[in-house]
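Paired with subunit B in one complex and with subunit C in the other, subunit A is shared by the two complexes that follow.
So, the complex of A and B:
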């Protein structure tokens, strides 16, 4: 199937699910990081200008550390997120979805240079688009992934309705479809929900608000509500 | 069981785990929690929720919770306290010896062009201009002109620090690039090894030809022991990556690359350290004009001996114990 979900079976026998992040958010995150890094270097440059030539040496060491180890520091000590990745809700993980370790992080950031070649991360972007999980060369060698860090979700907020049993020939697939409609009741306009409810007119024999009201009641019943 | 009953039954344990994960679990406010047990229960609940096809919201929520707990349970921690010490005393030289053939290849890729170019520039005064612009050649000559009282530029201790920063950024950057280029089927490493070999050969040959021997060799011999070896080792680590892609052996290329990168990093950590030592020496020792030439040459030779002895001997006894 053509999608970006990534599944890992854990030792406990369940599938962990994550969505891998494509080139565009990663490039944007990188741009943010470049901005921060430049800012830090400029600030250091101004601060160390007072130390004359010795300051120059310290500045060069800092710029070396920032160039190669800025991502390593944040990836390992800040839960896989550089400030740029954090801004776009991304995180780096090992490909078994465990937190990234020092070794893997250093490998993927040293190989950044190869991904950059010949210019502007061309190799990395090509590698990302060829692979299934958007891994650049550094990711492939280190066995890492960049995934979306899911935002907190409120578990349930179905519309209140007095529970009613479903019609007799209501198959399981229909039940799932009905519940996912109700789950989205906050995202869809009332009119659109009614429109969707009208599709079930052959089963419910109701239209518009009555149909929607009825479906909500059935949904409430299916999820275990008792009158 | 209907979803609502299922949620009601487990809501408290989920909330407890969530609170535990959010807070620093060392703090006293959060009740103690048996994480592995809570995690296994949660896994079972997620499996049940999926099997019974509860709503996506609930499954997503549980998946998030499981992922967060999974991160805590399977956090990789080094158990060996003396990992670093052991690496320096044995692991690093062992890794270099274990990949002796690749290291030999990297050495050849570096030394042969250096030798050819060195002999070339020594005998032909025009060949150096194939590698450098006339301006660069001029500044190179003036740096090692024995007529100068100081090596390099006018140097005070603050200049030493500035040069240290420069060597760190420049030389370690070169070594990292030499390594990283290896993932392009080894081509990048080969390129950097050849290029650096040619360049260095040209400098050596030319300086020897114009006769600045008494300043140049005492300057380079000390840090060269660490710097040149480190560049070769970085190239060798890169070649390991390249080899895994060209000839993956019994594995899939992706797996072979992963295994090779673990092996290569065993070499790279040590290489990094060697380059830091080299930068120290180059900035604070090699440049001092006050030290007599004989001492510099003697100390430099000692360092070379030390480096070779380290790679030849360190950690040998231990490998015999392990086997």
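So, the complex of A and C:
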């Protein structure tokens, strides 16, 4: 089963799962960062224009710092998210899914130079596309990953259904599918939902709307509803 | 299309995640798709080069414009691969025209510049829908994913051009510097290098063919992701799996019941025999006819209240946070910080009176603190730097005392005891009378020094003069030390006299009178004679 998830097992035996982010959103996030940096540099340039040569010097120093330490600053102090990454819901983490540290962030950003070669991050893009976990060279050297940050679920309206306990041999995956059916009652058409419910006819011994009603009741029970 | 054969995990994905999945999937099936894209495009490029050798730019534009035509085969291949029935590149190429039949004109005219090309293409190629059916379908699909599809196309365009420039730069970087310096760039700028332009066209087609699978499959995965969302494929797969498992377990229990029924009845007989012998504790065994009924009964019992008792307990409890926090921050640290705070702000009441803030003091205090820290750090550094010297000086008593080397010669005189004759005085007097005054008195002085060093443990360094040696002797006489052998008054006096005489003789060539020599010898006998 092909998927873009990344799994880590902690020493305590807990499975952590992250969804690694691929080249397209990362390129776009980088473009957003470049846009912000350009804005800042342009504003600085206008502001420092009165200072002639000294202003030019200060501007060059600022552009150097922005180029090399803008990502480091945000990655370490702002939860692994530069403004561009934040716009796309991405974050940088160590490859054991812990928050990124100074050393790793500095390494991955200094190695941008290698990823840039020969032009416009060609090496980095190729490395990202071919790598198992979409890591560019800097990520490989620093042992970091770019993953999607989990968004908080918003509470949603559920259809009314009297909760009923599930049959005995429902595994966790089955229960999740049931809950998903309940949660997506607005996205899926009614006919399709009944069609899905009919798939479980051997277990529920019901058809069409009765089956769907029953599955919704079970889903409501699984979500914590108790008649 | 069998959803259960889906080669990727069906789950709800954000549009970006669908694109990522497309990248991963394209990586897996890249080579056949690359070839299937490249071959028709390369054939066309060859034909164009043959027919219009003078128009490389227009030829390239034609190939670029016909991208939707070349995109269809890789899309067909990946759709088959996704549902577990992969098609070989050759078989796909044979169906090139068949797959390009639907809406071919629209795709290379009005839809060519569509920003969501790869996302819309599956509707045409795989669903074969046209006209109003297509637009209705697209409006449903586009509702959430058109933004990501547009960005995907924009990224693809930029990626192709950047990779092309990067390829040129890479080639340039590999040209030796001497050669690069002599290249005449002028014809290149004027566009007079036809051959070079055809070479760049080849490079361009290669890069387009390399990027195309990723673009096509990403768009396709966006489409699949949207359909998973719209049609609940993930739920369908899970439900099918569940139903199948249920069916299998039913069959298994049936066959098991059928196989084991004779054995079971024997066992049942035995059990009955046992239970009838022992008084049965209210066995409420209901008579059930077959395993299905038993299963049903079990399910009923399990679904009943007894197995779904949930108890909610709520109330107020004290947490033991207090102790932990106290353990974490020791008292002295709090006090230190309070003291520092007080020290920084000065006396609060006075400050409140004066309305304006004393900036000088506010800045000076931290600087003072920093200076103090620097001083303390410097002291610590010095201590660390010279730690060995300090430690050795602290435990000087414990270290075995270095054995002080006994000097063999002083003032050019041999002071080893072994170099002395057995009877010093006799020898001195003999030498004196023989006229060798210097040797005689020297021998006496030598013998004295030698005895002082070895019997009284005097340390006469090389840096001392004769009179300083004599002073050392008289000093020990004045200040008695417990650890060292004391010097008696006659000895001290004798050493003073002898040193004086020896200095007179050695440096001023003024020999002492004969009786004085014999007197010195006599004193020597008294002072050191007892030792032997």
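In this section, the second predicted complex is superposed on the first by the 179 of 227 C-alpha atoms of A that agree within 3 Å, B and C clash if a C-alpha of one lies under 4 Å from a C-alpha of the other, contacts with A are read in each partner's own complex, and residues count from 1 in each chain.
Just so it is clear, contacts are C-beta pairs under 8 Å (C-beta built on N, C-alpha and C of every residue); 3 or more make two chains touch, one makes a residue touch a chain.
Note that the structure is a prediction, hence the values are computed from the model and not measured.
By the touch criterion defined above, A:180 lies against subunit B and subunit C together after alignment on the C-alpha atoms of chain A. Of the two partner chains, neither subunit B nor subunit C is touched by A:34.
Shared-chain residue A:22: touches subunit C; no touch with subunit B. In the superposition on chain A, A:67 makes contact with subunit B only, while subunit C stays out of contact range. Of the two partner chains placed by the overlay, only subunit B lies in contact with A:150; subunit C stays clear of it. Residue overlap on subunit A between the subunit B contacts of one complex and the subunit C contacts of the other covers 176, 180. Residues 1-7, 39-40, 43-44, 46-47, 50, 53, 55-58, 60-61, 63-64, 66-67, 70-71, 74-76, 156-166, 168-169, 172-173, 176-177, 179-184, 188, 241, 254, 257-258, 260-262, 265, 268 of subunit B touch subunit A in their complex. Touching subunit C in their complex are the following residues of subunit A: 1-5, 19-25, 27-28, 88-89, 118-122, 125, 129-130, 134, 148, 165, 167-171, 173-174, 176-177, 180-181, 184, 187-188, 192-193, 196, 199-203, 226. Within the complex formed with subunit A, the residues of subunit C that make contact are 7-9, 11-12, 14, 16-17, 19-21, 23-25, 27-28, 151-152, 155, 159, 162-163, 165-166, 169-170, 173, 214, 218, 229-232, 234-236, 238-243, 245-247, 249-250, 298-299, 302-303, 308, 310. Residues of subunit A that touch subunit B in their complex: 10, 12-18, 51-54, 56-61, 63-64, 67-68, 96-99, 101, 103, 106-107, 110-114, 117, 123, 137, 140-143, 150, 152-156, 172, 176, 179-180, 183, 222-225.
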